[in-house]
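Each of the two complexes below includes subunit A, the first together with subunit B, the second together with subunit C.
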Partner chain A sequence: MSVGLLIAIFFNTLLFFSILISITIGLSLIFGVLGILNLAHGAFYTLGAYVAISLFSYFTNVPPIIYYILFFIASVIVGIIGMWIEPTLLRRVYKLPDEYQLLLTFSLSLIILDTIRYFWGVMPYYHYEFFAMLGNSEIAGTIYPNYYFVAIATVILLLILLYLLLFKTKIGLLIRAASMDKEMAISLGINVKALYPLVFALGIFLCAMGGALTTPYSAITLGIGSEMTTIAFAITAMGGLGSLKGAILGSLIVGFVRALGVFYFPEIELVVVYIVMFIILSIKPYGLCGRYERRV
Partner chain B sequence: MVYVVDMKEGYNIIKRITLIKKERKGILYIILFTIILAIIRPFIGPYWSFIVAYGLIISIVGLGFNLLLGYNGLLSFGHAGMFGIGMYTLGLCTKYFNISSLEILILLSIIIGLIIIIGLGYVASKLIIVYFALFMLSFGQIIFALTYKLYGITGGSDGLSIPILTILNINFNSRIDFLYCYYYFVLLIFTICTIFMWILVNSPFGKTLQAIKVDDIRATYIGVPVRKYRYIAFIISTLYAVISGALYGPLNGFIYPELISHVFSGEIVYLTLLGGMNYFAGPIVGSFIYTILKVYIPTITEYWQFIMGATLIIMILLFPGGIVGWIYSKFKKR
Partner chain C sequence: MNEKEKINRRDYLKYTGAAIGGLVVGGALGYLLKPAEVVEKTATVTVPGVEKTVTVTAPGVVSTVTVPGATVTAPRTITIEKPKKGIPSEPLKIGLTTFLTGTAALEGTHAEATAEILVEEINAAGGILGRKVELLKVDEAIGADALIKAVRKLVTEDKVEFLVGLVSSGNGTALAPVIENELQVPTVYGTATTRRLFEEVIPKPKFVFRTSNYDPMECIAAAKIVLKYFCPGVKRIAGINPDYAFGRDEWEIFSKALMKLKPDVEIVYEGWAPLGTTDFTPHISAILASKPDLVFTSFFAGDLITLVKQAGPMGLFKATKVVASVGGSAYSDFKKEFFPEGVLMGTRQCFFTYPPKFPPMEEFVRKYYARTKRYPIYTGMGTWHGIMAFKTAIELGYELLGEWPDVNTIVKLMERMSMITPVGYRFIRPDHQTVGYQVYGITKHVPEYDFVVLDPMYIYPPEEIAPPVGVKTLDWINTW
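Presenting the complex of A and B:
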């Protein structure tokens, strides 16, 4: 195996890992603050991809920087939808048992997917213009598309921004307080409920960004969210729900295991991921970094 | 700490599955329901026989699912995967081993299902609700992916066709003859499963499960081995799904992976909530209504998932008791 091929495999894994992390970080953030597991995450991922592709086909023949901004616009649109859904639907089930919250987000995902089917139809969508515009570059004899670097860099940029938001601003402090100990935060006078739409929208924004970033290099169909979120759910269970450290650690493990899995058992790479989850959960039932929390 | 399942304690728990005396009346109702269904068979044509048999099969998986959701508070999105294990075990055995006796095939499915369930339940019984839902969801997706991708073995999306099987060594010339006999076979298994489930939920074992649902920490403090109860409940619940899946193949005559995608898991959840998850009859009523809806709604609109999601949200927010719960509350007020 040549060096160039190894580098290509490394960057492919990194790309997969960055898309994955944008989904899992959103899931963990929402679980940490709102205390609900968002089963509709895959639907929002798909919605992000579809909105992005519609914007792309609307703006043709524009410079690359405009295309780049369109990714953000698409994700913000989906984020705003999330911000509207939280107070109207999710707020009604916080006091009910956990299973009702799962059921509600699950039915939400059914509704969103069928709405996408209504507006966009079942035909796959392609959009290679931005991908072709950026061209290729050569690393150690292997041709590698520039777009992949852009996608990876975007996710890294978002992670840095998220870090700055969470650890350097007032609102980030409030979010961390709410996710660490909600009762204590409330008793100290923080209006935790006011944070909910914001955090939900942030999680949805990150996830939609993951969906939007996949549009230039793959066909967009209704099923794209299904496999990605299955892996993302496995990661969040592995890493521990509500823990950002766990989400990153879990994504790293899965990215690595999947790269090996694709190499050795290409037919059943998903099963390999699942076996790792099985082993981790049988040793640590709350995930690697999870802590046991009782519902109040 | 490694947790070893103590066989003797497990046996003591299973011994507690005895019907509480005052609940005996329920078995009479179940037998009455069976007799009615057995009598009406000659009067309804092959089309409705098929639909009733389908409803009975879906009731079995619904009953099993409700043992976890309604009686133990665990939500599983993986019952479609379990259904798939039963379905594909039967399908693959007819294809590769040329077994055509229905009884042997169902027994084989149960045995293979049990082997998988016992391994899976060991981990699943440790997990709390959210982790359990995630775990089962990804399990269901794995079974779906396997049936879809292992093209050489399962036929992938081309599916597998199941020949006409023999029941008690009787050969059938046409599918219709087979269906008429198979209807009674399904009805028999449905009755056995329902009576067993009635005994189960109205036994000291079932009452303990409900106590665990209400507060698992308190149940632990008063000395209930919570995990063992959950383990046994998980085994019985998923075994129902396997039996149901094994029964589905011969009825339809053709199986394919899309039958067991996560949408079907959602449909199992849907029918249980529609009927009423806190009531024994909930999943049975729910699955018959669901079967009829599934026949008629595609003639009106193609957005079946949207309707399913919208009604689920309405049920969760406004009628958490489902149809049976609604009827029950009307009945009580008078």
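Presenting the complex of A and C:
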């Protein structure tokens, strides 16, 4: 195996991981704290991409940093929408049986996608300038667009910030407590409900960022969320529902298996992800880092 | 000026009055003879400086109104269709099935826009034998099962008399047996180009037709163009195709045809990705590592844009030649800023500059662009051809039989029908597959357009690339 090939597999893994983790970590965070399996996650990812590309279209011939800031603005906008949706919609179903959550979040996903269709139409959007202006690098004979390094670095930066938020701040402590044992947290006087909009918005912000980061290199259409959502749910199951460590581990495994699979067994590359999931779940039915006691 | 206008107006009113009088008398007679129908006509009569709209409601009268202009006399003929024998009075409903949402809407909305333009024109000219045409739409994105239910409702409850459109091969093959055995309504697939439709699913079709060129034609044409013009010395080929029946078929036909024509060709990479893939990077790295002379892709519309955007910076187009067999799915969206020159691109039977200087195409492109700000593609052309074939069959049937033809007559008349379409002369074969020219070309940047155009173009006649009637594609390739 050549060095160039190894490097290609390494960066392809990291790139796919970056997009996947931005979706799965929010999914896990929301499930861990709110106890909701958010089927609308893919729709928020799509919305993030559309908002970003719309913002991009207002700027031409600006320095790359402006585009970079627009990623954050787009994701914050979608995050704010999430913060508004939690108290207005989701809060109504916490006490109802689980299937109501699924119905609600699934309907929410349809509503979001139809809203996108209404405002943006069905034509694909694409933005090329940012991707092109950053140029390419050549590493051991392999050409790699510099934008990919930007995307990977951004997600890793966000993961570090998330770690600091969760493990080094008071509010992070509360979120972790609520995630670990909700009843105990409530009985200790933590206002768990006050955390809900914040956590939901944080999860949505991260997945909108995933969508926004794809805009420079992918055509943006209504369908972009579907493939990612399916894989994201597989990863969440693989890593353990609600586990952040599991989400990171699962995303890395899937990113790596896919990057490797494309080279060595392209015919079954798409199935490989699910074969890995099958193996993991048959050995550890609650996922790599799943905790049995939460959803008895 | 004032005086002239007065005279004109007076004359105008006089003639109009006479005409309406005539119409009323004739109308009364017509009413007595055949009371069931009222044909309403709106005619806009323009006199320089004055515009009048005259609405005349009366059956069974042909009347000429002459309107004198300011300086010239402009005759206007208002023809009121005589109610014809055995023609149903209710509007003629046509069901349009196409992708209105999702990634494939990029293709599907072309079928929608074309059908709307055509139906408006038909209605403006008095409908089909005087029957107004109504378009009922169903979104194909709902999936095959739901689509079958929706189409069943269209036919049984809404009384749709003709079905047209259909883009997805998956939907097409699922729906075909239902149409043939149960619904028995004339149906034209405007796209749904899988060879399996008439080779395996319904080998003896009665009601289902397809007006688009189909997969074997574009794959075999690609193989021949590659060997003759594009990359004659090709030895190592790679494929990156959509991971479902269509993508698998395209790659199978293309690679088999190419290897049959040049046996020393070997496959060095076969990649598959689902529709809606956002990240092709691993595939592109893998293709580059396998060092092919030629890459074949049947990705289309938005997915092709994504693939090309990512492949360009990674140097794919410099390292190898690329064939995009279904580039025609969205060519006016392939902007020069990211779509390179030198790609061999297939556009099925439709590209806006072909046939060159062909009046039906020039006229259609002008109308289409004015309305949609896009250029027509094959999904629209297939739909256009479908509706016109149906209309022609009805009119022919009426001429021959003197009454509204039944479904069996309509489908018999559509079989073997040839037609002048905006994309040239096209012929529906006895096996219900339509054939015509297959258009390929090499992408080029020109100052007049912000998207890539084809120059040079390679046009293949059907007899060189379409399997003969009754012969399956792969069997035909094996006989070469």
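Here, the second predicted complex is superposed on the first by the 285 of 296 C-alpha atoms of A that agree within 3 Å, B and C clash if a C-alpha of one lies under 4 Å from a C-alpha of the other, contacts with A are read in each partner's own complex, and residues count from 1 in each chain.
Assume contacts are C-beta pairs under 8 Å (C-beta built on N, C-alpha and C of every residue); 3 or more make two chains touch, one makes a residue touch a chain.
No experiment lies behind these values; they were computed from the predicted model shown.
Applying the stated clash criterion after superposition on subunit A shows that subunit B and subunit C collide.
With both structures placed on the common chain, the touch criterion links A:R117 to subunit B and to subunit C. With both structures placed on the common chain, the touch criterion links A:Y128 to subunit C but leaves subunit B unconnected. When the shared chain is aligned, subunit B comes close enough to touch A:M277, but subunit C does not. Using the contact criterion defined above for the overlaid structures, shared-chain residue A:S226 touches subunit B and also reaches subunit C.
Touch criterion met: A:Y286 reaches subunit B, while subunit C stays clear of it. When the two complexes are overlaid on their common chain A, residue A:V155 makes contact with neither subunit B nor subunit C. By the touch criterion defined above, A:V93 reaches subunit B but does not reach subunit C.
With both structures placed on the common chain, the touch criterion links A:T236 to subunit B but leaves subunit C unconnected. After overlaying the two complexes on the shared chain, residue contacts for A:Y217 are found with subunit C alone; subunit B is out of touch. With the contact threshold set out at the top, residues 117, 226-227, 267, 270 of subunit A are in contact with subunit B in one structure and with subunit C in the other. Of all residues in subunit B, only 69, 73-75, 77, 122-123, 126-131, 133-135, 137-139, 141-142, 145-146, 149-150, 217, 262, 266, 269, 273, 303-306, 308-310, 312-313, 316-317, 320 touch subunit A in the complex they form. Interface of subunit A with subunit C (complex): residues 2, 4-5, 8-9, 12, 15-16, 19, 117, 122-124, 126, 128-129, 131-132, 136, 142-145, 148, 214, 217-219, 221-224, 226-228, 258-259, 262-263, 266-267, 269-270. The touching residues of subunit C, counted against subunit A in their complex, run 100-103, 105-106, 109, 243, 269-279, 281-283, 285-286, 288-289, 301-303, 305-306, 309-310, 313-315, 330, 333, 335, 337-338. Taken in their complex, subunit A has these residues touching subunit B: 31, 37, 39, 89, 92-93, 96-100, 102-104, 106-111, 113-115, 117-118, 226-227, 230, 233-234, 236-237, 241, 267-268, 270-271, 274, 277-278, 281-282, 285-287, 292, 294.
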